[in-house]
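Before anything else, here is the set of structures, which you'll find just below.
Paired with subunit B in one complex and with subunit C in the other, subunit A is shared by the two complexes that follow.
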Partner chain A sequence: MVGMAEVKVTKSPDAVLMALGLGSCVGICAYDAQARVAGLAHVVLPESIGQENSPGKFADTAVPFLLQEMRNLGASPIRIRVALAGGAQLFAASGGSRLEIGLRNAAAVTAALKQHNIAVVATDLGGTVGRTVQLNASGLVRVKTIGQGERELAVLGSQGASVPKPPVAPTEQAEGARSRILSTPGASRI
Partner chain B sequence: MSITMQQLNADCLDALREVGNIGAGNAMTALATMVDHRVDMSVPQVGVVSLGEFTQMAGGPEAPAVGVYMPVTGDAPGHVAFLLSEESACRLTDELLGRELGTTTDLGEIERSALTEVGNIMASSYLVAICELTGLNLYSSPPALAVDMTAAILSTIAAAFASFDDQALTVTTRIQEGRGKVDGFFIFVPESGSLSAILRALQMEG
Partner chain C sequence: MQYDARMTMSMDNYNQNEAQRMAERTRIVRTQELDTGYRPTQQTRLPLRGAGNHPPAQSGGGASRLPARSEPTPTGPVTLDSIVEQVRRLPALPDVAIQVMRMTGQETCSAQEIAQVISHDQSFAARILQLANSAYYGLPRNVGTISEAVVLLGMRTVRNMAIAAATHDTLSREVIGYELGRGDLWRHSLACAMASQMVAETARYPEAEEAFVAGLLHDIGKVVLSLHVRGMIALILERMEAENLSFLEAERAVLGFDHAEVGGRIAAKWNLPVPLVQAIAYHHQPVQNGQVAPLTAVVHIANVICLIAGIGLGIDGLRTSISSVALKTLNLGEPHIEKALCQLVTRVAQAQPLFEMENLLQAGGQKR
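Right after this comes the complex of A and B.
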C-alpha cells in the first residue's frame, strides 16, 4: 500500500504496489524489467516550492526521489518504463481552484518525467473518476474505478514489441466522460 | 504565535471536541428538521492524523461514497466535509425528495443537487455554531459534491491542505439517522495556523 505522499520500491518477485483511491493525486508506476525493480509514487501536489521534508508529495521532487530509490535497488533510468494514473477532478465545479489540482498534478508529473528522460508508456489521467492503481513485480499495471471495474493499463517493460505513440496530453482529457478510457499503450520516448 | 500540533494538550483537545460537538449538533438539528426524523451523533473524535491515515478515516478506502466539501475562510481558515456511504446517500435522497425508502438507486443530477444542498445547509450550520461559540468570523464557500471511492474523495480534500502540512488535525463526528439508515461523517479540518485562533477565542491560550 502506497499512501499519499509515499514512494515505495521493491525487488521482491511477489510484491504488489498499490495506491488506493487516487483522486486528484497521480500514481507513478515505474518498472525496470531487466533489474525487476518496481516503484510507485503517490504524488499529491504539483510543486514543492523549495520544501524538502516530504519528497514524495510533490511532482517535481517525487520523480527524482523515485528514480534514486529504484537506482538504489539496481534499476537503470534508461530502462525504466512508466505508466501514470490519476489526476482526476472529482468535485463538480464551484469548489474553488484548490480542488482542481488534478490536471496540474498530471501535467507536472509528465513534465518532471520528461525532464528526466523517462519513457511514459501508458496514461490514464484526468477525467472525473477516482482510481486505484496497482503495479506487480512483473510490470503489469492495473487500474480500477467504480464505474468501469478493473482493467489492464499496461505491461511495463515489454520491450521492442510496441509502436511509439505520444501520450495524450492531460489537458485534452479534462472533460473526459466517466466512461472514457484514456490510455495509450505503446512505448514512447519523450 | 502559532502552535504546532504536537503542543496540543488535553485541555486543547477537549476544547476542540466541544467545537465539534456544538458544530455537529447544530448541523444535526438542521438535518433532523429537513428529514423530520431524529438524528443521533457520536462524541467527536479529535486527533492528528497523517495524510495517509486521513484517507482511511471513514469507511473502506474503495467503498463508494458521497462527499460534500466546503472550504472555510475568514479568521480561522479550514475545511469542512460531510461524507456519506453511497447507500446512505440514496436513502437520504429518498427522504429529502419524499420518495418511498429504497426508490433511489442511482445518483443523478436531481439527487446530487439535493445532496449538495443538504451538505451546504449542514456545513453552514456547523460553521455558524462555531462562529457563535468562538466569536470568530468564518465564511463558507460554495460547496462541491463528489461521488466516488472514499479514499479518492478524502485524498482530494487532503490535497487542499497538504501543501504545507504533512498531517492534519481533524474533528470527526459520526452521525446516524433513523437507527443507522443514514450513516455519515462530519469532518472539520482547521488549517495549522487556525488552531491558535480557535483556541485563543476559547481562551485556551493567552
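Right after this comes the complex of A and C.
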C-alpha cells in the first residue's frame, strides 16, 4: 500500500504496489523489466510548497526521488517505463484555476519525467472519477475506476524494453469507461 | 419557493411501478440492514424538535409528502419523510454521543461536564478509555477515568475521540449504493472532520470543535440512502452524463432529494445545533439566499479538499464543484486550499491509528 505522498520501491517477485484512492493525486508506476525493480509514487501536488520533508508529496521532487530509490535497487533509468493514473478534477473547475490540481499534477509529473528522459507508455488520467492503481513485480499495471470496474492499463517493458509499448488494447468494458472519462470536462486536455 | 417546485415536480414524475419497487426496497432496508443492533430507548427516539430550524427540509416534499409524524405506509411512494423515518432503525448513536455533540458549540460547557456525560454510559466510557490508553496517544501511564483522560489529553481530544468512537460503527459500514467499501466512508468522514477543523482554524472560525463534528457527520445521509440509491444508480449516472449535472444534482433529479438533505434531517432529528444541521444539509451547495453560513463554508471546503486528496471516494468521485462564495465567506483563496491539502496529508498520516480504529480498539483490548 502506497499512501498519499509515499514512494515505495521493490524487487521482491511477489510484491504488489498499490495506491488506493487517487483523486487529483497521480500514481506514477515505474518498472525496469530487466532489473525487475518496481516503484510507485503517490503524488499529491504539482510543486513543493515551503519547507517540506516529504519528497513524495510533490511532482517535482517525487520523480527524482522515485528514480533514485529504483537506482538503489539496481534499476537503470534508461530501461524504466512508466504508466500514470489519477489526476481527476473537481466537476466544473474552470480553465486556468489553480484548483485544477489533477490537471496540474499530471502536467507536472509528465514534465519531470520528460526532464529525466523517462518514457510514459500508458496513462489513465482526468475525469471526475476515483481510481486505484496497482503495479506488480512483473510490470503489470491495473487500474480500478470506481463504478467502472478494473482493467489492465499496461505491461511495462515486458518485451523490447527499448521501444515504448503502446497501451494494451482496452477491453470492451474499459472502452466504455474510457470514452466516459474522455467525455468529462478537463480530461481531453491532458 | 423554487426548491418546493423542483421537489414536487420530481415526486410527481414517479410512476406507480417505480413507487412500488422503491417501497419494496424500503421494506428490505428496514428489515435487513437498519434493524440490526437497534436498541430503542426513550432517549434515542428523539422528537422532531429542532427540525423547524431547517426550512427547506420542512417545507419540501410537495404533493406526496406524508404527515410529519406518521409511519410511512408500506405501499406508498418513497418520500424524504419516509426515508428520514428509517433513521429510527439506524443503529442508534449512543445517546451519550448525541449529548456530547450537542454540547459542542456551547460556550458554557466545561471539561467536567463532558467527563460527567461520558462517564454516565459505562460501556461507552470503557471504549474511550481503551482508545485513550492505546499506544497512539502515548500516555505515560494508563488512565482509569474519563476525567483523568481529559486532564492528560485535553478536553478537545477526548471530545473528538468520544464522537469518533460513537460514530465509527455507523460510518464504517459498507455503503453499497455509493460504492463505498467497508471503511471508505469512515476514512472520508474522519478526514473531512480533520480538514474541517484545519479550515476553521485557518479561517479563524471560532468553533473548530463544531467543525470537527460537522465534518465527521456531513455524509451521514449516504448511510440511510444507500440501498435506495443502489437501485437507482444507473438512472442517476445516466441523468448526470446526459445533462452534465453534478452527482448531487442528478441524485436530486432522480430521487427528489439527496444525501445532504437527508443528512440534515437526521441531524435535526438528533437536535444538533442549527449551524451543524445546515452545514450537513448544504455541504455540496452552500449558497442559500446568496449567502453561505460560516460553518457550512468550512465543511464545504473541507469536503472538497478530501475529494481532491481522494480519501474514501465513492461512485460520485469528484463530481461536485467548489463554491467561490464559500471561499470568499471565509476569506480564503485558492492557495489556501493547496496548503490545506498539503497539511491534511501529513495529519492523516499521523492519525492513521484513528483511521483504523477497529484495530486500535482490539489492540487496546489485548493490552488491558
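Here, the second predicted complex is superposed on the first by the 145 of 190 C-alpha atoms of A that agree within 3 Å, B and C clash if a C-alpha of one lies under 4 Å from a C-alpha of the other, contacts with A are read in each partner's own complex, and residues count from 1 in each chain.
We adopt the following convention: a residue touches a chain if its C-beta (ideal position, glycine included) is under 8 Å from a C-beta of that chain, and two chains touch if they have at least 3 such contacts.
The structure presented is a predicted model; accordingly, all values stated were derived computationally and were not measured.
**Student:** Looking at A:I146, would you say it contacts subunit B, subunit C, both, or neither? Reply first, second, both or neither.
**Tutor:** So A:I146 meets both subunit B and subunit C here.
**Student:** For A:G3 in the superposed arrangement: first (subunit B), second (subunit C), both or neither?
**Tutor:** After superposition on chain A, A:G3 lies in contact with both partners, subunit B and subunit C.
**Student:** Could you give the residue numbers on subunit A that contact subunit B in one complex and subunit C in the other?
**Tutor:** Common interface on subunit A, subunit B vs subunit C: 3-5, 21-25, 44-45, 54, 57, 88, 90-93, 98-99, 101-102, 129-130, 146.
**Student:** For subunit C, which residues are in contact with subunit A within the complex?
**Tutor:** Against subunit A, the touching part of subunit C is residues 179, 187, 237, 241, 246-247, 304, 307-315, 317-322, 334-335, 337-339, 341-342, 345-346, 348-349.
**Student:** In the complex of these two chains, what residues of subunit B are touching subunit A?
**Tutor:** Per the touch definition, subunit B meets subunit A at residues 50-55, 61-62, 64, 67, 69, 71, 112, 141-146, 148-160, 162-164, 166.
**Student:** Enumerate the contact residues on subunit A facing subunit C in the complex.
**Tutor:** 3-5, 21-25, 44-45, 49, 52, 54, 57, 86, 88-93, 97-99, 101-102, 127-130, 146-147, 180, 183
**Student:** Which stretch or stretches of subunit A touch subunit B in the complex?
**Tutor:** Its residues touching subunit B are 3-6, 20-25, 44-45, 51, 53-54, 57, 88, 90-96, 98-99, 101-102, 129-132, 144, 146.
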